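Both of the next two complexes hold chain A, though its partner changes from chain B to chain C.
Then we have the complex of A and B:
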């Protein structure tokens, strides 16, 4: 099931989406506006594996979570990644 | 696009925190621009390394040239968390933080080995003529290694070019029972943990003389595994140094030791053992005593052994071991199931 931006907003997780987009933009060298939440990570302009891993580390450090490798291997969209991170943050807060 | 490091002096802070390549081993053939790309830094930041004491030479036009392995150690020890060596360690050890059963359960992978013949960070001049590549083939006869789809590999240890395989790796949750083996293991791991020998990148030429490397106070997975193997052989044990690929988001080669006990070879991984024993918070590596203990006998489902019993290199350019950056052409991902 895909997760859309509106789903994220409903869960008050827009901040997480912002963190994700900012990290991806910063490491791929494009403006934040160029990061389309509906597109796969692989479609981020200028992204390649090492830059993507740098972005992931920034997201993890910012949100204090570890994103499982198995999720990162899948072709997720930017919004799905943000939703997944938001769930990790929520679970971490409940623990 | 070159992105400047957050701290302009970050690279310089690494100088003195590792041991540079011995003069008779070092190859000063990596220019400033190449180094800047490899370290995600500006040429000016790289230039400051020479002033800070990083060994170098100059070409005929006076431009700085550095040793590539020294530069990798600058990346490893600069503390930004963003250089390729730092990312490598962080991502390679992530699976240690997962649940114990996930270390051993059968796991299917699609593996592509097509070593880069040029890359960002390649030493100057290497792009002029592309080298002939040969690669070490996976040890498909090793326990826990099963090629899928009826694939077959050629005979012999090496093949030209590269390969793609689908493979299922099955780990083994076990330990070594012999206390004398434990004593040798403790000696190596504790020496690394005490920093009496520094874990860092070691040039392949120095890896070939692993006793010299250890004596100089430097080790990586190849050095530590070969040394542990020698120590076990000297004590009469049947042991061998293995080398293969650690499969994951950040592909890399890795070496470990195996000792024969109870009718099977059991893995001894001194570098994983010491890294997970201590953890490395600055590089995002959590400590895991349970994983450290599993490195003493356990076989992991992310290690694909290749055909060598002395941890020989996995990739060659012509007849010489390929540089570190050739690993950029190695990739793996979990196999999708229908």
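Then we have the complex of A and C:
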């Protein structure tokens, strides 16, 4: 995806990272600034499984995608989750 | 002798249908399910199959197998196949979202070693990454995919005797460091299912709607009871409910389900969703007959708020009934009878010490604590109260002590523990570790022994301390944890509370907390520590994890700064 990245794509990715951080912050009860994109999802302050599921549901609703359960068990960072969602959005736009 | 395979085979009929709406599998009738289970048992008998990386192990009989699947037909079928082969089933908790795969695989390794598992049954609902990690840390373990049963029947050996042969080994939650497997034989499970049926006045026409995970005792044994009565079952995923609670409730009502068990947080979660989004159009809850409320402390306000929120959708009064149960009793110990009035009593919280007589107080008294009745013991389970220090000597009604139980549904003990480590009184009653009292034949549970500190000869419950701390102004989002620290003779209550305040202001709030604890509980000495926001660990249902919080306290410097940098991803 980086090869074809345009300004438009970059703006799209920034928007999705914003959606992901907002959802994680909202459901774990911390300010958006506390959600560090470089940190693993498990390090989101105060996150536990019910809150995580609700945050994921909000991201799915906002972006109109379905995030497979498998990804939730990844030791991924916040930015990687956003990248994964951006890929899903791009794929569903092409389909 | 009692054998669960034969009991279930006698019980199910074409009207016994297992629906799994969120899985790619149509409804399966009871007889079909048993047929599929027999074919699956044949596959377990002959081994993993030539295409499997585990083929070298084929032919080795499965004696104890883990069930590692999302809720679905394969989970239930895998359990039945193991029963058919006289193998013990070990339900395994699924990983939690954002939990990370390494810690999870390590947890599975501990259970696998403790239970001497020789296989884990899977169905593709748990990702390859997790299974590969498990293969890495538990190299000898066979991982057998039972997503589809084989087309043909293999010749199966006759079933064994059942009776006390282990049918299920249930690992209780929260025991990650030292897992303890509750051993339940065929006869105990059968008695436990009878106790559920009798306590809930289950009729074969009842229809179970279940979203609880099957690896949890409340999910597993409620499901088995429905099959045992030949009833219809709708089985969802926990995520179906957690993600979209009202959509799930609408599906539950639409399915025509009459019964659903759940912990207290389920009712709060639905009440909150209804307040935020309104009731779904056309929601009709009039067929809902019984909603058990168990596995965490029952809150009277949750019961009332739920009724107020869903009464307009046809929910009948007192459908939700408080229950008390534990895996060690297969499941149920006591329950409010269907549609019974709630009973709660306001008692002096200072008189909830083992050996003390409960003292009723007016509800608005500052020392009053409201305790909800968990109903009367179910048929077949005997309940008594005894002092934790003199477990062989029962106490009279109205006296506080440890809840002890006895009866045919009670476990024979924890797997592999020496007799002196087993949780039994000298005369053979199971010690639950829960503190409570009996009044007019009803059981009231007030807390856990471990969540109780004895300071200067007085007992203080963490729940009581937390109740006061969370209502003290300045405590961030009401987040706090209290737990006992130290041992005999030198025990104290520790309080962690979350704050964003600077150290000076935080010290003032700590002082106010101490003043309140002294004034309201008579707890004159407590170690009160401010910590950074979001550092106290909570379970998925919002219960504070006291033992994990205690680990934070053990760190050399329990300050806001040190806790802010500690790991917080340790959900189980």
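Things to note:
The working rule: the second predicted complex is superposed on the first by the 83 of 95 C-alpha atoms of A that agree within 3 Å, B and C clash if a C-alpha of one lies under 4 Å from a C-alpha of the other, contacts with A are read in each partner's own complex, and residues count from 1 in each chain.
Keep in mind that, in the parts below, a residue touches a chain if its C-beta (ideal position, glycine included) is under 8 Å from a C-beta of that chain, and two chains touch if they have at least 3 such contacts.
Quantities reported herein were computed from a predicted structural model and do not represent experimental measurements.
With chain A as the common reference, the superposed partners chain B and chain C clash.
Once the two complexes are laid over each other on the shared chain, residue contacts for A:75 go to chain C alone; chain B is not touched. Legend: residue contacts after superposition of the two complexes on their common chain; A:64 is shown touching neither chain B nor chain C.
Once the two complexes are laid over each other on the shared chain, residue contacts for A:54 go to chain B and to chain C alike. By the touch criterion stated above, A:40 is placed in contact with chain C alone, chain B being left untouched. For chain A, the partner with contacts to more residues, out of chain B and chain C, is C.
Common to the chain B and chain C contact sets on chain A are residues 29, 46, 49-50, 53-54, 57, 69-70, 72-73.
Listing the residues of chain A that touch chain C in their complex gives 28-30, 40-50, 52-54, 56-57, 69-70, 72-75.
Interface residues of chain C facing chain A in the complex, by the touch rule stated above, are 70, 95-102, 104, 125, 127, 129-130, 239, 242-244, 477, 533-535, 537-542, 567-569, 571. Those residues of chain B that touch chain A in the complex are listed here as 1, 3, 81-82, 84, 87, 90-91, 94-95, 97-98, 248-250, 284, 333-334. Per the touch definition, chain A reaches chain B in the complex via residues 27, 29, 46, 49-50, 53-54, 57, 60-61, 66, 68-70, 72-73.
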